[in-house]
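In this document, chain identifiers A, B, C, D, E, F and G correspond to the written order of the chains, with residue numbering beginning at 1 in each.
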Amino acid sequence: MKDNYLTVTALTRYVKRKIDTDPHLRQVWLRGEISNFKHHSRGHMYLTIKDDNARIQAVMFSSNNSRLLFRPENGMSVLIRGEVSVYESSGQYQLYIREMEPDGIGALYQAFEQLKEKLQTEGLFLDDQKKKIPAYPDHVGVITSPTGAAVRDIVTTIERRSPSVKITVLPVSVQGPQAVSSIVRAIQYANAFSDEYDVLIVGRGGGSIEELWSFNEEAVARAIYDSSIPVISAVGHETDTTIADFVADLRAPTPTGAAELAVPSQTEQLDKVSYFVQRLTQVMRTDIQMYSKRLERLSQTYAFKYPKQLIAQKEQELDTMLDTLNRSFKNRVEEKQVRYTHLKKRLSTQHPEQEIKAAADNNHKLTTQLNRSMKQLFTNSERELQTSINKLTLVNPLAIMARGYGISYNEDGKVIKSIKEVDLGDQIDVRLKDGYVQAEVQKIKEADDSGGRKEI
Amino acid sequence: MAEEKKYDELTFEQAMEKLENIVTMLEEGDVPLEKAIEYYHDGMKLSKLCNEKLTNVQEKMVHILNEQGELEPFDIEEEK
Amino acid sequence: MAEEKKYDELTFEQAMEKLENIVTMLEEGDVPLEKAIEYYHDGMKLSKLCNEKLTNVQEKMVHILNEQGELEPFDIEEEK
Amino acid sequence: MAEEKKYDELTFEQAMEKLENIVTMLEEGDVPLEKAIEYYHDGMKLSKLCNEKLTNVQEKMVHILNEQGELEPFDIEEEK
Amino acid sequence: MAEEKKYDELTFEQAMEKLENIVTMLEEGDVPLEKAIEYYHDGMKLSKLCNEKLTNVQEKMVHILNEQGELEPFDIEEEK
Amino acid sequence: MAEEKKYDELTFEQAMEKLENIVTMLEEGDVPLEKAIEYYHDGMKLSKLCNEKLTNVQEKMVHILNEQGELEPFDIEEEK
Amino acid sequence: MAEEKKYDELTFEQAMEKLENIVTMLEEGDVPLEKAIEYYHDGMKLSKLCNEKLTNVQEKMVHILNEQGELEPFDIEEEK
């Protein structure tokens, strides 16, 4: 039983032989979508072709893929011609692709897209590569068919807009096998006289994509790009876009449009000049008027009246101040004067004359009083003395006796004042003015009222 | 005599008083005559003394007035 | 004199600015008397200067316009 | 004079550009008056120049390059 | 003399201020007599100074006005 | 004598007061005669002293008045 | 004499104050006669001094006014 077992290799070879010998699998037409695309460094392409339900491994060797007009990408629907075989080492069957083209679009489109992409990648379309179209060209080169509407449109438009601009038509074939080289040659010819031409218009009228195709050729594109003279492209109609349009310095939608873009309108320019003149004059006039008004306004401002008013005001201030100075000074002096006068008056009322007079009066009065009182005192004393002397005189005992009176004394020396103090026979002494008498009582009589005597 | 000296030392007023006393005593009359006479005698002396004193004072007064008189006529009244 | 020269070297705008400054200062009113008269003097000079410059420019403009007129009847006044 | 000559050497485009610059400068308004009148003068000269250039239509033809590489007159009317 | 010089260097306003101070001092009334006459003297000097300055300024003003008068009638209004 | 000197040192008022006291005493009359004459003497001396003082004072017065009289008539009112 | 000098150095106000004190003292009346006459004398001297000072000030004033008068009639109103 053991000998009945096959090796893997033997089985694989068997299957491979079966497939390789199947005439249907030798020529397969397949439609599918690319995935897992890989462009190997050695040139072969490995990819998977799939539809919604199935997938198949595929390979396209470099000998086949060098003829491709497009670059395969994942997700791309493709139409494939190839054969199916088995790759022994992995035991997988796969599709060996001979030819491949995109499904749905034509090959021309593919070529257009791919050239566009290539040139773009190279940077030929970049804005900074574009030359500026001169605003006022003296000489325009027109590269187009010498017959047909395009050249007529261009030339008449330029003549109309700028009668002074020179035009040179460089006739070319715009379609057919000679077209590309004819266009390239014309561009190069013009560039040989690059000082002559200020701008080139390259283009043709409308047509099918095949008729316009020359303007999608790489050689034409590169010639335009290499031109040192600015190029305006004008190919077909507005909807047609060619590689030449992308690479040109300016794209015009139509030949007429190209002519309009190439040269300015004389009328517009004249208008522009006179507009400039108008603006210039306006600015100047406005400036002068503005300044005049400003100057006038400044000259009429209060500021120019100010100094005069200031002087007037200061005059008044000074007058007032001077008045005040005089008044206040006079007031001060007068105040002092008044105060002085008042004091002087007060001083004069204090004149000591009154006081002196009063004092003198007083002194005089006192002196008089002194004299008077002294005199009074003296007089009183004198009078008193006189009184006393008079009284003394009155009581002078010697004077009484001188009138005949005598004083009787009893024997005891006592003065006898009554008859009752004596008895008959008593011895008595009688003192007279000038001596004594000794006597004896002989009779005693009582005196009556009539002064008579009565014997007792 | 002792009494006389004593009199000299009396002031005018004292002398006057003594004199007045004597006069009063004499006027009352109870004085024995001899005494009265004595009193009287004293009175006379006293009155003499007083008189002398008065005279003396008067002289002084005159003197003072005279002294005064030299400068006298400062009399504010008279100036009027 | 030095000042006069300095004024002559001013542009119209500088003169106007100076004039305007002077006017502003004077209008603010706190200018001392002597300063005010100086400012006034300067202001008058500047005003004169500006006036001359402006007149001069205006004359030049009229002259240029007339020159221009030979080729085109462009008249600033008539456009109004 | 030197300036005038320089003007004559200008292309129309340069003259227009100069003119436009002058207009723009003046309109932007930062030009001093005396400078402005100079610019104005220049601007007017330039405008005259531009006008002359525009209106002076030189003798001119449309040419076509023949197969011998020579230019010959090209008459578009004939084709119609 | 030093004072006189000092006065001459005053501006009108400074002189007026000094004058005002003097007046105020005099008006406040506590000024000693001798001081008052000094103040008065100073005040009068200052007032004279101010007067001179005013006269001077006014003369200048008249002068400026006369100068100005020569060129006066630049008036933008009149041109219209 | 000692007393005299003392008198000279008295003021007028003191002298007058002393004099008045003396007069009062004398007028009241209780003064012994001999004392009275002494008082009188003192009084007279005082009176003389006062008199002298008064004379002196009056002379001074006259002198002052004379001095004053020379410059008298300054009166601000009269100027009006 | 020393006193006189001292008086001369007094200001008007000091003299017035002294005078017032003297007057007040005199008015209060308690001044002894001899003192009073002295005071009065001083008062008179002070019064004379004050008078002189016032006269002096007034003369100065007249002098200053005359000086001032030379330049007086500057009046801005009159120019109108």
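Rule of thumb we're sticking to: contacts are C-beta pairs under 8 Å (C-beta built on N, C-alpha and C of every residue); 3 or more make two chains touch, one makes a residue touch a chain.
Since the model is a prediction, treat every value here as computed from it, not as a measurement.
Note on connectivity: the fewest chain-to-chain touch steps from chain A to chain G number 1.
Identification of common neighbours of chain C and chain G yields A, E.
Looking at which two chains touch through the most C-beta pairs, you get A-D. Central chain by Cα centroid: E, whose mean Cα position is closest to the mean of all protein Cα atoms.
Using CA-based centroids throughout, the chain positioned farthest away from chain G is D.
Most remote chain with respect to chain B, judged by CA-atom centres, is D.
Distance from the chain A centre to the chain C centre is 32 Å, each centre being the mean of its Cα atoms. Taking each chain's centre as the mean of its C-alpha atoms, chain A lies 97 Å from chain F.
Counting partners per residue, chain D has 33, 36-37, 40, 44, 47, 51 as the residues that reach two or more other chains.
In chain A, the residues touching two or more other chains are 274, 277, 281, 284, 288, 291-292, 295, 307, 311, 314-315, 329, 333, 336-337, 352, 356, 359-360, 367, 374, 378, 381.
Across the whole structure, chains are in contact as follows: A-B, A-C, A-D, A-E, A-F, A-G, B-F, C-D, C-E, E-G, F-G. Those residues of chain F that touch chain G in the complex are listed here as 11-13, 53-54, 57, 60-61, 64, 67-68, 71, 74, 76. Contact residues on chain A toward chain B in their complex (touch as defined above): 357, 360-361, 364, 367, 371, 374-375, 378, 381-382, 384-385, 388-389, 391-392, 394-398, 407, 415, 431. Taken together, the chain A residues at the contact with chain F in this complex read 333-334, 337, 341, 352-353, 356, 359-360, 362-363, 366-367, 369-370, 373-374, 376-378, 380-381.
Interface residues of chain A facing chain D in the complex, by the touch rule stated above, are 134-136, 146-147, 151-152, 155-156, 159, 163-171, 189, 266, 269-270, 272-274, 276-277, 279-281, 283-284, 287-288, 291. By the touch criterion stated above, chain E contacts chain A in their complex at residues 12, 16, 19-20, 22-23, 26-27, 29, 31, 33, 36-37, 39-40, 43-44, 47, 50-51, 54, 57-58, 61, 75-77.
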